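Following are the structures in question.
Here chain A shows up in two complexes: once beside chain B, once beside chain C.
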Partner chain A sequence: MIRKKILLLGDFSVGKTSLVRRYVDGAFDDKYLTTIGVKISKKLLTLNGEEYEMLIWDVEGSTPSKKISLGYYRGASGAIFVTDVNRQETLDSLADHKEIFLNENPDAAYVVAYNKADMLSEVAKEKIELKDDTFLTSAKDDNNVEALFIRLMEKMVL
Partner chain B sequence: MKRVTPAISKGIAENKETMIDALYPIMGGMISKYVTQAIKELMETINKKIERGLSFENYKRKAKAKLSGVSEMELLLEESSGALISSLFVIHKESSLLIAEANLENKEINDAHMVASMASAIKDFINDWVKNSETKNEVQILSYGNATLYIESAGSVYIIAFLDAEPDYEQRTDINEFFAKIVKEYAPFFQKFDGDDSSNEIVTLSMKMEDYLYKQIPLSKEEKKNPAKMILVLLALLLLGYGTYLFNGWYIKNSLENTVYAQTGEQINISDEGATYVLSGQVTSTDVIYEIEELMKRQTKKTINNKLLVPMRYIDKRLQKEKESSEASVEKLESKLASLESGFEKSINGLQEKIFLLTQELQGSDKRLKVLLKDTTDEITVLKEEKARLNRVLEIKNEIFTRLDHSFSKSPYYNKEEHTLDFRKLEVFIASEALYKKEAIQVIAEAFTKYMTILVQYKEYIRSIIIEGHSDSTGLEEDNVALSHKRALAVKYYLERLNIVKQYHMKPFMKIEAYGSARAIEVDGIENKKASRRIKIKFELKESQIINNLRKIIND
Partner chain C sequence: MKNIQIILNAILSKDIFEYLTFDQNFEVVDSSAGLVKYLEKSPKVGSDILDFLPELVGSEEEIQEIFSKPHLNYVLESVYKNDYYVNISIEHYDVDRLLVLIHDITDVTLTQQQLLQYSNESILINNTLQNILDSQNALLFVTHNNIITYTNEQFMHYFGVKRMKDLQRKNLKIYEYFDSSLKSYEALYERVNSKEEYIVINKDTFILQATIVESSHTLFTLTKVTKLSNEMQQDTLTGAYKKSYFNTQLKRLINNKEEGIVVVLDLDDFKLINDTYGHQAGDDILKAFVKLIQDNIRGNDIFARWGGEEFLLLLEHTNIEHALKKLESLRTIIDRYTFKHVGHMTASFGVACKEEDDDMHSLLQRADQALYQAKDKGKNCIVFKKA
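What follows is the complex of A and B.
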């Protein structure tokens, strides 16, 4: 079996932990997230008949007073950048998160989640321009969560 | 000391982890900071033990030191070691993915891959904090309750040992040496590791790690040996072995004497002469001599030198006893023989009586059997006769039918299927009247005479001539039955007076049957009343009588 380390990155309260909670098979307690700034979960999935395991590092959103250890970023094969589709500032900081991550892992794959889509009206959803590998997700409605993770795994291994 | 050239410096800077992997096996155990730290911790442990002062353990250690000649410090060193490593992880440093793991039995770690990642995250977190605090050391020990994680890093991998207590200097050195060996052997594999756990290297690495874990168990329990003590123990064991050998010989000899006494009641002496047991002493009979020898052969593989003797007084005594015993036996045999003769005589008498009774019974049975046989034979004869008669009657019947069919072939009043005279086409009676029409009765008489001309020739086989009376269905059926009876009777009276009946005395054979409208003639579901008012004449042979006789014989 092939295992891959992936990161969940994004600002505070964009719903990273909810996305993970909706998707994974096993996880450490949330208290690790608040104490050391990361929580590890795992997910087994099958692509083209091959089994893969994701070790998902749910990294706490960084603030000026609390920087995240770069050690967490190292050796990741992929990342999911999560934003809150209802909060513009989380969309604006997406580029910073990508830069830090790709500095450490230049060859890594990534996808983007516009999360909390359940709070958007249908009209608002239509206005959002979705580029490649960008998903409108809702942990609450379980919308596009699995597709998001599967797409990332495809990009990493296929 | 030679200076490192700038090119080499640059190479080292760019491939830092590869260089560390290459150098770690050589320098890992020599790094002074570890040695300093280890000695410091060791001294702390020893001091703590000395500080325990007047404890029982302290006195026990002092006594042990005096007796064994080993210094108290050495004993303390010995006591300070021995934390058990229950699991080993080798983790890819960059991705924090678990490369290989090994566990002691029942000490497996659930979700090892998640634990490896989490341990890496914690290590990174602490290392970051340590660097921020401007301390140069890396985290090496993580403790929680009784669980301790000992972490040792090389270039591209690090090892985590899970222990039940903090490892001492000796144990850390041992882990580091083992780690250095695997880093040296697997460095290229570690550097190329991409998360795929299906390679052979992981299997062999896991096996080596498991071997390492299981080697610690006997070592932790094994006592450190003192050579002088070992020699003393060896001598003691030799003496004990020799003593056991001597005791064993005495014990076997004694055991054999007891066995002989228990099984024969004879007390003899057995002496062990190497490959031979010598049996000596006096026994009470020559039989016992051989019995003991056989017994000894079954008990031992050594050869037997039998020197057992029987004194003459035992032989005389035994002969006298055997003589007395023989005389008593002869008397008993004579008495037994007389008893047997008497019993035999009684048995013969009983048998003769039984034979007599059986003969009588057989004679009686024979008589009954003969009677039964005769009866059966008679019955079979009767059956045969009846069967012959029946066959004859059946032949006659066919003959009559053939002749009648031929004789009445053009008659409108003959029913060829039933071989009867049926006058439905002749208007014999007026409705509700029993009296026949004159012209009609003459037609009946003529046909009847012709019919009887054939039947009288078979008179002995004829049982009856039946005249059936029928009516139409007008009125009550009981009236119709009475009317048909009268019609049949009227016709019978007329026919009885015919010459053919008188000449052949056929009157006793003539009978009537009244049917009312039970067999009225219907055409397309509508009754033909004229036809229904009719007379029918038929005959019966004696075949049914013969068949009844046959049935009766067979049932009886």
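What follows is the complex of A and C.
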């Protein structure tokens, strides 16, 4: 079995913990309990006949003024950058999150989640431009969450 | 020896440590009895250490190095494991073994978590509030201890500032617009207090409402009502204000003993244009000139037509240095603009700053004299005449 470390990174309250919870436990909670430090969850999956164990690091929210310990980034094969599609400032800081992470792990793969898409109207949804490997997700409605993780895994190992 | 010292120190300082050692194959050699509470199952001798400490996955090479380099170590802080928060550190034990120390930091981390939660939630509520304020058409501002602490974008835009800091530096006293004898927002609230009152700010009339939000903050709402009456105050050809309106504003400023700067503007050689190109061309140029100025002044500056090609500008809440800079930029804008029919045009500016013993007549006269000096100097320039 091959083990791979991935990180969820983004501003606070964008839904990092909720995405992991949805993917790993199939559950969702409306209540906000901010993450401090890091919590690691495991998820087994099979890709092309090979079995992998994904070690999912749910890291506390960070911003340019509140950085997280660089130690968390070590040895990661991939990252999911999470934003709250309803909060512009969380989209604005995407570039910073990418830069810090790729600086530590230049060869790592990544995908982007525009989360809380369930709060967008249909009209607003259509206006959003999605670049490659960017997903409109909802941890609440279980929309695109699995696809997000699988896509990252594919980019990492295929 | 060094590690035993650490454990001893920790016990003495009542810190709680558990430990585990593992060999070059990353297999468990031994562990302390209390370790199991942090793990899903108890670590058997010979089992893969990554089964118990998956947080080390990805860092195997870095950790491997510690076997041969005793001075290295590996530290991972604030990891949530089995309802506890721990720091994990890995150190050289001997050539065949590394020591993992698990330091329980649950109590202090839970306190930090609560603080972080509080701070994050406050930021979110703050953002939501700001979005609500910005979604309103009216100008909104909130005061606390006689200082404006929040406003919406519309309010800032109206008063020509971009950030809260600039607004506070400006020290706007909205209550004085309502009644120049008022001394505070509290006094303004007492006067308005759940009624609707009219308030005139510069050229605009607003309906003013006030509400207490929480016991210490007051929300003021300014809803503009003057579109029609403003139109009656405007010069029909150009859309600039009429001289009569300028006069009432200047009178208010003098009566209330406020600061202000008066500018007389004149389009150079305009008579010649009228004679050469006809009155229609003249009208077009005046309209274009007024639009240029209006587009480049603040919402609360008052720009009026005095008559013919002479105009007036009243600038408040600024100082002479800033005003002169602003006027220089207006002069350049006109100088660079290509007017219909004629192309290049210029304007001259006469400037006077209100002094304590000025009345309307003396102030306007000084600005007008400054304009004559500007014309004498060869036009297309700005002259400021001190009292």
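Heads up, the rule we're going with is that the second predicted complex is superposed on the first by the 141 of 158 C-alpha atoms of A that agree within 3 Å, B and C clash if a C-alpha of one lies under 4 Å from a C-alpha of the other, contacts with A are read in each partner's own complex, and residues count from 1 in each chain.
Here, contacts are C-beta pairs under 8 Å (C-beta built on N, C-alpha and C of every residue); 3 or more make two chains touch, one makes a residue touch a chain.
Remember, predicted model here, so these are calculated numbers, not experimental data.
K.L.:
Putting chain B and chain C on the same copy of chain A, do they fit or clash?
P.N.:
clash
K.L.:
So, does A:Asp118 touch the first partner chain B, the second partner chain C, both, or neither?
P.N.:
Neither partner.
K.L.:
So in the superposed three-chain picture, is A:Arg74 touching just chain B, just chain C, both, or none of them (first/second/both/neither)?
P.N.:
both
K.L.:
Touching A:Glu146, do we find chain B (first), chain C (second), both, or neither?
P.N.:
After superposing on A, A:Glu146 lies clear of both chain B and chain C.
K.L.:
Would you check which partner chain A:Met1 touches, where first means chain B only, second means chain C only, and both and neither mean what they say?
P.N.:
In the superposition, A:Met1 contacts chain B only.
K.L.:
Identify the partner contact of A:Leu55: answer first if only chain B is touched, second if only chain C is, both if each is, neither if none is.
P.N.:
both
K.L.:
Applying the touch criterion given at the start, work out whether A:Lys42 contacts chain B, chain C, both or neither, answering first, second, both or neither.
P.N.:
Touch status of A:Lys42: both partners.
K.L.:
For chain B, which of the listed stretches 57-65, 93-101 or 381-389 runs into chain C?
P.N.:
93-101
K.L.:
Taking the contacts chain A makes with chain B in one complex and with chain C in the other, which residues are shared?
P.N.:
3-5, 32, 36-38, 40, 42, 53, 55, 57, 69, 71-72, 74-77
K.L.:
Contact residues on chain C for chain A in the complex?
P.N.:
50, 54-55, 57-60, 62, 75-80, 85, 109, 112-113, 116-117, 120-121, 123-124, 127
K.L.:
If you look only at chain B, which of its residues touch chain A in the complex?
P.N.:
Within the complex, chain B touches chain A at residues 92-98, 111, 113-114, 117-118, 120-122, 124-125, 127-128, 194-198.
K.L.:
Which bits of chain A are touching chain B when the two form their complex?
P.N.:
Checking each residue of chain A against chain B gives 1-5, 26-28, 32, 36-38, 40-42, 53, 55, 57, 69, 71-72, 74-77.
K.L.:
Would you tell me which residues of chain A are touching chain C in their complex?
P.N.:
3-5, 12-13, 32-40, 42, 53, 55, 57, 60-61, 69, 71-72, 74-77, 87, 89
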